[in-house]
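The structure follows.
So that you can tell them apart, the chains are marked A, B, C, D, E and F in the order they are listed, and the count of residues begins at 1 in each.
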Amino acid sequence: MNKILPAPMLSLFLLIIWLLLFNSVSPGVTLLGIAFALLIPILFKPAWPNFAKVKKPHLAVVYFFILIYDIIIANFKVAALIVGKRRSITPAFFVFPLDMKEELPVTILASTITLTPGTVSCEITRGRKGILIHAFSEEDPNEVIETIRHRYERRLKEIFQC
Amino acid sequence: MDALNELPVWSQWLVGFFILLGAIFAFIGSLGLAVLPDFYTRLHAPTKNTTLGIGGIVIAAIIVMSMQNGLSLSELLIAIFLFLTAPISAHIMAKAALHTELKMFHRTKDFREEGDAYEHEKTDS
Amino acid sequence: METLYSVTVGILTACSVFLILRGRSFPVVVGITMLSYAVNLFLFSTGRLTIDGAPILGTSDSYADPLPQALVLTAIVIGFAMTAYSIILAVRTRGEVGTDEVSDSNSEDNR
Amino acid sequence: MWQQHLAILPILIPLFTALLQLLPWGDRPQPKRRAIGLAASILTLVASAFLLIEVNSQEMLVYLLGNWEAPFGIVLMVDKLSAMMMLLTAILALPVLVYGCYSEDNLGSHFHALFQFQIMGIMGAFATGDLFNLFVFFEVLLISSYALLMHGGGKFRVRATLHYVLLNLLGSALFLIAIGTLYGVTGTLNMADMAVKIQALSGDQAMLAKAGALMLLIVFGLKAALLPLHFWLPQAYSTTSGVVAALFAIMTKVGVYSIIRVYTLIFGADANELALVAHDWLWVMGLLTMLAGALGILAARDLRLMVAYLVVISVGTILTAYSLFSTQTTGAALFYLVHSTFVTGALFLLADVMAFERGKTASRIVSGKQMANHSTYAVMFLVAAVAVIGLPPLSGFVSKLMILESASASGHNFWLWGAIIGATFIMLVAVTRAGSKMIWHTLSGNPSEQSAPLGKRAALASLLLLSLIMTVFAHPIQQYTQSVAEQLERTEDYPNWVLKAPEVSDE
Amino acid sequence: MNLLIIIMAPLFGALLPLLLKQTPRLIKTGVTLLIPLTGIAILLSYAPQTLSGDTPKHFIEWLPSIGLDFAIRLDGLSLLFCSLILGIGVLIIGYAHYYLSYEDDDSRFYACLLLFMASMLGIVMADNILLMWAFWELTSISSFLLIGYWFHSSDARRGARMALATTGAGGLALLAGLLIIGNIAGSYQFDDIVASAEAIKNHEYYTAALVLLLLGAFTKSAQFPFQFWLPHAMAAPTPVSAYLHSATMVKAGIFLLARFHPVMAGTELWLTTVTVTGLITMLVGAYFALLKHDLKGLLAFSTVSHLGLICMLLGIGTQAAVIAAMFHIINHACFKAALFMTAGIIDHESGTRDMRKLQGLMGLMPITATLAMVVAASMAGIPPFNGFMSKELFLAQAAQQHLFGGLSWFVPVLATVGAALSVAYSIRFIHDVFFNGEYKELPKKPHDPPRMMSAPVALLALLCIAIGLAPMPIVSELLNSAVTAVTHSQTEVKLSLWHGFNIPLLMSAIAVVAGILIYIARDQLFTFNRQFDGQDAKHNFERLVQKASDTSSRLFDKLDTGSLQRYMAFVLISVIVILLPSLIDISAITGSSPQQSIDTVSMVGAIVLIGAAFGTATLHRNRFVMLMMLSVVGLMVSLAFAHFSAPDLAMTQLVVEVVSIILMILALFFMPQKTNRASSGHRVFRDIIIASFIGGIVATLNFAILTTPAESISDFFIANAKTGGGGTNVVNVILVDFRGFDTLGEITVLAIAAAGIHKLLNKLKPFMPSSDVDGRPWHRIKHPLMLTNVANLVLPMAMVVAAYIFLRGHNLPGGGFIAGLIAASAMILQYVANGVDWVKERFNVNYQSLMSIGVMIAALTGLGSWLFNKPFLTSWFTYLDWPVVGKWEFATALLFDLGVFLTVIGATMMILSNFGKMTTRHRPTHEGN
Amino acid sequence: MLGTLLQIAFLLFSLAILMNFWRLVKGPDLPDRILALDTIYINSLALLLLLGLYQNTQTYFEAALLIAMFGFVGTIAAGKFLLRGDLIE
């Protein structure tokens, strides 16, 4: 199984991409897609790191929608600030202390931080202890840290069980 | 162009909404890039607004294509790739900015402690 | 549109030529690369400018001239190969000669 | 089966050989590479020879690539000129490769692959009947030459290569502009078809095409090293390794060939408003090129540089003669072209072995120590000098005499006579000076212990022998070049041959 | 055929001594001697024919189309010269046998001598004037080798080069003259030319032809003002001087005058030029002969003088003058060869040729002295020797001519002066060497040479006496036929020693007396001449050549500065100069097509494109910014392609752009990132002008084309793409099918570039900065975590996209090339994100083989059509109906495109990975985080 | 109506690109320029999508996809250059 299907999630993902690309689920396309979805992970297996496995896929879906929602909100907030009182913003640098160490979850978290309200993850600090964040306009970093911890990090830990 | 006008009116409204939304967001993103005071704040504008702006256009495109030829989600791929890569770009740029010690907006509050970032360490070459 | 297009190509060419006349290898290579862009635009336009007529059968009533497109594609690839070679050659020259100047050290071109 | 594909063999053989040379050949690849390369070069030579024989009886071979009729597909159009140039290339390549197989190929990587790619590019440029395809093959031969020029490395070589590369990149850009202009006006890329379309042009369109035609002159002039586009050549040829320089004896000829091809077939005498657009320019530039070359050999302080300028002179001579645009002068110029390719190739090799055996003084025109094979080189130098200067009895004399004779006495031609005779005199003075310094003015002491391998000397000798052969068989060769010129003159035949060549139908 | 042997024997016989290199000299000499002896034998067999008035000929076709054939003849003139060349040649070879020392390379000497002999024979026997010229130049070459025989001496080298340069230049002039003559006559055969003599003389180019011809003759014969090279040729071994400067080389010029006498002579121009030149040369030569302290120098200038004499006679051109000339040719050959050999013997035996050191040798070498006195007397024109006779004839001619109207009396006076000088230097030769007091210490103690070495001299001395005493039986027939050949009229030569008391005899007497007086007063002459010392022709020549060389060098340094900027400017200015006139000729650049309207996007695109272009050009000193501007240009170009219906181009441009920028940034690491202002203001101004012109030209062309109605072959592609090529993406079908050959070439270029780059990087020792441009140390993290992860994610996704783009390329935008670049870009991202080692550990792909195989697949696909007897690259496609899957197209074009795909990946990766590997392993780093 | 909206969208995106370009020219620092370039890429992607909508064709889809996929590679390269100088190590 491992030989034929080294990364089932990836294969599935690739198949989806394939079908999206062709915009068709005709037998020919699907069969070929399956072939590629199986072949490519085998070919690129050495380059596929030992990523943490998604243990709770349904939570991942929830996470995804929360993320979409937050992205939209984030946009409105930042847009309002840009158009409105951009000279009075109070940017801030602070560190979000990480509670996880796994590569993939940390990456997802950092990406999430960047995509969501008023924060950009600038650095992952030494020993993967924290994420240096730049906030667009934030008086109190602790509030942000709490939100991130609660809203994203917690969920990610659940999804990946780490 | 003519083909678009043949779409049902409700979908025209929907498409129009998403196009406008996307365009406005993207515009604001770029506006932010142009007018915000320092690099770090400017970084926020395009990574969020422009990305979402594209999202709007993508949705509009999906609606149009789907209305014409049945469900068509190809354009979703564009959004996927964009959402996957935009944070990395921002991350690397921010790293570079920190590394080159760019001047910050004077109102920036710095809660960093020594050792939070790598670039302050002395090299041992 | 044709005026705008040709003026743009002309300016692009002029800027490239200016770079080509610089005294160091790097700007010259960049100039040549940019010139190849201009030339590609030029070659492309010999099929005239067609909007909404991509030469994909069944997508339009009147198609853009596909031949110049194919030629430009070839030209782009060749241009890429040449850019790659020349830029690395420039690096090598700098490594061996110690400078990236392309004019002789005792000529006035350098000053 | 292979006869019907004869026209493309001189392109495909080097291509596949080069690709094979790119594959790893185990721990000691070089002997295998040499064997493959030599075998392929012999094959190419045989194929080119057959091609010439075939063309000599059939006038022209047209090969429809992809079985698409002209002008839509790309055609190979091998007429007598092409066949001659291809055979010339193949003949030159063999001894040069033999020379290269004596450790020259160890000086840098990919020598054998690049060598074959180079041949492929040159062959393709000679064979193709399509203007854009000519560009592609120009690029093939240029990129190979960029890499080959570098062979062996070194400060001066790298620098000269950089200049050569960048100038030629500019040339390639101009080439594309010219092609674009001509396509924009005529709507075709096939040269024979373009010739037909050009004849029909008038007014502004003709002027537009003229601009394209003249732009091509710059492009080809750059390749051929016509003044004032020749500056790249001396540095590039004089700093590169001998074996590469010798191979490059054919490179300027590609430019010359293209000029002859385009300004005879497309913008020749039948082109109505565009008839002979380039010939006045060629005349002036050719004469000035000879002058520049002559000054160059006077100024040269290094034998290889001197030979490089001899190449410049040869280009000037050929093109000035060609610009007179008569069958006789063209025929004579082509004879001279063949001769000068062999002789300058031989001279580059000679300069190389001499430099090797002279040691520290290398190929600088100063007295140096006696070479291990001193008397051999003395004789070779004498033969090469006599040939290249154009003194009797060797091929240089024969070909110059042909040019002078064919440019019958008239006001215009006196300039040519003056230029050729003047250049010959300067060559005489400069080359004897070099020979007297390098061969006669040897320092006392033991002769050099470095001796170039016999194979190198044999390769060199065989190139010189070609000059002798061209002298003895001057008449048949001259008859061939004359028939080439006559065929070139009959431009009306080309569209008939090329555009009416039938596709191969299913049986 | 036999006739041919006379020339061919020495020509190919020249190889014999070289082949016999290892044998004793005697054998070499013997074999060498056999060759001219054979020639003499053949000559003798033909002589009766020639003497009876026939002209034996032989003809071999060589290059009939230009009139160059191997045609030879043996008329009286040829016979005369052949006898001299072969006869004296035999003597010289015998003499050289003793003359050359053991260290001398006798093989080379004999070889060159024979080569020279052959070329001389060729000149005098050629029936085709182009052939004659070929041999003419061959004498220059072979004499160059002979004069430079002792090449270790700088005098020999310089003398040889000067001789070659002078005679070579004359030869080239001669060639032009001959071509003109041949052109007028319509043939290069001698008889045809003689037949058109009148036409030639009346032709507008006659003057030019004659001047060129005379230049050839005068340089060869060392006539004034070209006499300067001859004395320096004396650096040659004496046998060479004896041969070249008595009987052969210098006489070639005289021969030429004689040969062309029937064609060119008789005009005012001929008469004046040849006569006056001869006269001046005679005087100048004689004067300098007297001044020389070197025995051979004296003889050399005496030769110049005597040649002037002959030349003058040919100028006068009457039959009697020609007889005198021909006779003197024989006489001069005899006594001058003998004198040279004598000088050689003296040099050989005493170690010097300086007359200021030599004296009183009479007692030590009496035989030599006796012989020398005989031949010197002949030279001085003392009866009863042969020299006297021809001088009498000459003086008679000088006295009789009426060439210069009222000033004609000048000629006999000057002739007498010349004769007097001749007497004077002859006396000097004898008196200074053999008498003039007692013998003084010399490098070697001289004595008479071996008998065989004197033999040739003795033989010639005897000949001098014999001819003098009995001219008619010995030379009359030969002279008769020679003069007939020159004048083309029947001749009856009458020669006798005694003509009675007459004007010439008086002149002779005056000359002898005056000569003695001049000799006595010679010291005053030496003193007078000392002020001109340092005016050495050799040095002048060297200086001239050096100066020409230096001037060219300087000119070159000015013009060709080794500056690429300048070369580029030359090319661009050429474009402007050549193209502007034709663009000015265009009446209106707007063609008949209407323009389309401009939309917002195009406008903005154009503005950004132009802005970015300006940015790239102006910010070139801040290179990183320049690259970013370039990126914008690339992006906008790609948008333009998209906007104007070229999706394939847009995609290609996009991906290529990405890869190029990466390459450039990679390269920038090894380059200065910021540079100081490098160009002066006026140069910038010049460059802006050039750039504007080029931009203007391109824009004009572009606009003119865009507004001209299109007519092209493209409809064919649109019509046949689906039916003939099996695809709906016409561009792709063109690429892989209609013009697949271009694509094959294109991927070949890519492969070559990759191989070339590998070659470039092989020995590269790049300059590597340890800190960035502001002096900041580099960031310590090589591979940021987020980047690594995303790159890993993107790789398989990109592969799916690549597969998709590849598969559908034939029908929709895409294809092997773009797919290949997509795959390659994803791989590059791996390199950037994870590093070389990481990738290498995981993918052990030999990119070079991959790319080679890629091209091979494409090429083999093309080759496949051979199996079906179709031309290379003929495509084939079919629709396969598979169960479940449905109908799928299979096309060979896809296979071809696969080759493209693999090549692109292989080549791109080979380029980037090799370049990436360049950096040192020792950079301060910190793995991951 | 959609036509007008599309025109407005074109205008907005065009203005956006102009503003990005202004930032690219102005800087002041390299990261600013990199960011501007990155944004130009993304806005161009949007333009391509809009063009596709406008012309009702999918021919620009792949080009847009490529920008989405590889537009950031240039940014990464530039950033990496600032950080390490060497892209591939």
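Note that in this section a residue touches a chain if its C-beta (ideal position, glycine included) is under 8 Å from a C-beta of that chain, and two chains touch if they have at least 3 such contacts.
Quantities reported herein were computed from a predicted structural model and do not represent experimental measurements.
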Joint neighbours of chain E and chain A, given as chain labels: B
Farthest chain (mean CA position) relative to chain F: E
Most central chain, judged by mean C-alpha position against the global CA mean: D
Between chain D and chain A, distance of the C-alpha-averaged centres to the nearest whole Å: 62
Centroid spacing, where centroids are CA-atom means, of chain D and chain E in whole angstrom: 17
Centre-to-centre distance between chain F and chain C (centres being mean Cα positions), rounded to whole Å: 21
Approximate Å spacing (C-alpha centroids) for the pair chain A, chain C: 40
Residues of chain A touching at least two other chains: 17, 21, 110-111, 125-126
Contacts with two or more other chains, residues of chain F listed in rising order: 13, 15, 17, 30, 34, 55, 59, 65, 69, 76, 78, 80, 82-83
Of all residues in chain B, the ones touching two or more other chains: 29, 31, 43, 51, 74, 77, 81, 84-88, 91-92, 94-95, 97, 99-100, 118
Touching pairs among all chains present in the structure: A-B, A-E, B-E, B-F, C-D, C-E, C-F, D-E, E-F
Complex contacts: residues of chain C adjacent to chain F: 51-52, 54, 56, 59
Parts of chain F lying in touch with chain E, wherever the complex brings them together: 7, 10-11, 13-15, 17-18, 21, 24-25, 27, 30, 33-34, 37, 40-41, 44, 47-48, 51, 59-60, 62-63, 65-67, 69-70, 73-74, 76-78, 80-89
Interface residues, chain E side, partner chain F - complex: 599-601, 603-604, 607-608, 611-612, 615, 624-625, 628-629, 631-632, 635, 638-639, 642-643, 647, 650-651, 654-655, 657-658, 661-662, 665-666, 668-669, 769, 772, 778-779, 781-782, 787, 794, 797-798, 801, 805, 812-814, 822, 825, 828-829, 831-833, 835-836, 912-913, 915-917, 919, 923, 925
Chain F residues within the chain C interface of the complex: 55, 57, 59
Residue numbers on chain B that touch chain F, as the complex places them: 1-5, 7, 12, 15-16, 19-20, 22-24, 26-27, 29-31, 33-34, 39, 42-43, 46, 50-51, 53-54, 57-58, 60-61, 64-65, 68, 74-75, 77-79, 81-82, 85-86, 88-89, 92-97, 99-100, 102
